[in-house]
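Labels for the chains are A, B, C and D, by order of writing; each one numbers its residues from 1.
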């Protein structure tokens, strides 16, 4: 099977500190990359470089063999990024937020009510996000995975403020995505249970 | 399902920002209030002599409009920056300059356009000659979008800074000079009964130039700020 | 033309000489400051590297 | 030229030469301007200020153009050296702008009786000074210097697009209000005994710019690359 996401001799320097050097990643369809490491070891920096938000000091990120700086918007269309910030607006309702997410990406033909149902937020559909709890906001942020079509999911601590049940729910969602030929890159303090064959581990502290 | 076309995305984002503006309408009144307040200060400072006030009113109104527009600039990207939607915007499948243009347009509609409505009242209070009202409104209509467009570059450059406010004014005010010169002059000459056609044409030229160039610069600056 | 006449600059001595003096002064400062800074940087780095080496020697 | 250690050594080798050439040009220019050139029939000796004022004003524009060109190189080719040249030029450019302003007003005092008149050139220079201070302020405010380098690149380009517009606007505004102007000396009617010293001084200032730039770039390079091997070798040798 051919590689979807690769990096070539990636290095990142922040405030004079070399966070990582000569990093070569190779992810095929159906694989999940777990980025581990201490605080400040460059996990978030790596994720942001993979999305194309940040630029590496040296090296490049390849999508299906082409550097992402050349692929441009067609790459962004393939990426769903859930960062530290939820990326949702307080003063919009849950439904309005999802419509915005769909408008900015490549929408999936899914009923938005159904999508809310999937992340257990159906009853809050017409509520302003400002009234939701932190965990509910996180679930809404993760709902972008359900309403838009993207092969590559990049997630920075997706399980923050989520309870056990929600975590299990999202893990099932991840497995399904991998089964459908998707790729996932994520950082997490929580361990996840997946078949070992699909999991690639990368520890930035070593 | 296909992704939205470019114009659909533009309108969608514009509508969203207008909706957000409407939901936070109490904040919208602030630049407007500032505009009125600054103008109130002038008669108190230079004296209420009608001829003097009428003479300097085009300049006062424009300087105040410029400051009001500058003070509201930060709001273009601030909340999007803080809640992470700006990040998502940069990762969207649409070209960022178009999205920037939608946001700046929405921002101008909610902060620049209201200036247009109070300007005649302030002109009247300062005793500006009535024949110049039309031109005054026209200059605000053409000039304030240019201010928002140029300002968006400055905001994009300083959005990640903790103390960005004072730097922002240092970056943006010098670039406002041409608009100020031609807009104030247009009002000035028309208040003494002369033709302001040349000035208005210049302002139009500035507007087209700013419309075509500034979203690109803003998009580049946003990418830089978010990295 | 005598020297005092030259220095007097037809009565404009203050303006002419202060212009030239200021120009030379600013040019000099602009040359000197980075020069100083460069020297300072070299000194700082020398000290830093020396310390690093000592630490490496004692640890190995 | 693009590699830091190479540029560092290259600049170091050239600095003494440049200083010498600059000194020669400066002395010739000063002699031409202060001694050789005849007094002006209208302004007497006071006009001799133009031999520093006009070249300084030219330099203020020229250096901004250099910065904007570096800005384009930074954004298109992401060259680190261009970033450093850009930000090292800014203080030198700001100094020349400051000099153009101060010498302009020192020249204006005997001409107009006041130090400051809203003359087109002086007003443009003032705005240019603000643009320079904006670049320096923005660079200083951003902690991550790689990001700061790209930010000032964008700003320099935006400023470059605006400078002609600002100049044109200020000239137009000035013609409307009919104030005195310093521009009369740029007419081609100037005799060679006046414009030759101006040109020599302009050349001297250009050489000075390169030399001050090299000085700053060296200091900045050493600081930025303090963790790299070549700096370590250089310092310890």
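By our rule, a residue touches a chain if its C-beta (ideal position, glycine included) is under 8 Å from a C-beta of that chain, and two chains touch if they have at least 3 such contacts.
Quick caveat, the model's predicted, so the values are computed rather than measured.
Separation of chain B from chain C in touch steps, taking the shortest path, is 2. When the interfaces A-D and C-D are ranked by how many C-beta pairs touch across them, C-D comes first. Distance from each chain's C-alpha mean to the overall C-alpha mean is smallest for B.
Between chain A and chain D the centroid-to-centroid distance comes to 48 Å (mean Cα coordinates, whole Å).
In terms of their C-alpha centroids, the spacing between chain C and chain D amounts to 17 Å.
In whole angstrom, the spacing between the mean C-alpha positions of chain A and chain B is 37. With each centre defined as the average position of its C-alpha atoms, the distance from chain B to chain D rounds to 32 Å. Touching two or more other chains at once are residues 55 of chain A.
Looking at chain C, no residue sits in touch with two or more other chains.
Counting partner chains per residue, chain B shows two or more touched chains at residues 227. The list of touching chain pairs reads A-B, A-D, B-D, C-D. Per the touch definition, chain D reaches chain B in the complex via residues 75, 127, 130-131, 133-134, 137-138, 141-142, 147, 150-151, 154-155, 157-159, 161-162, 165-166, 168-170, 172-173, 176. Chain contact summary for the complex, chain D toward chain C: residues 30, 34-35, 39, 44-46, 48-49, 52-53, 56, 91-92, 95, 98-99, 102-103, 106-107, 109-110, 208, 211-212, 215-216, 218-219, 222-223, 226, 231-232, 235-236. Across the complex, chain D is touched by residues 153, 157-158, 160-161, 163-164, 167, 170-171, 173-175, 177-178, 181-182, 185, 206, 209, 213, 217, 220-221, 224-225, 227 of chain B. Contacts from chain B toward chain A in the complex involve residues 1-4, 8-9, 12-13, 16, 19-20, 23-24, 79, 82-85, 87-95, 223, 226-227. Contact residues of chain D toward chain A in the complex are 78, 143-144, 226-227.
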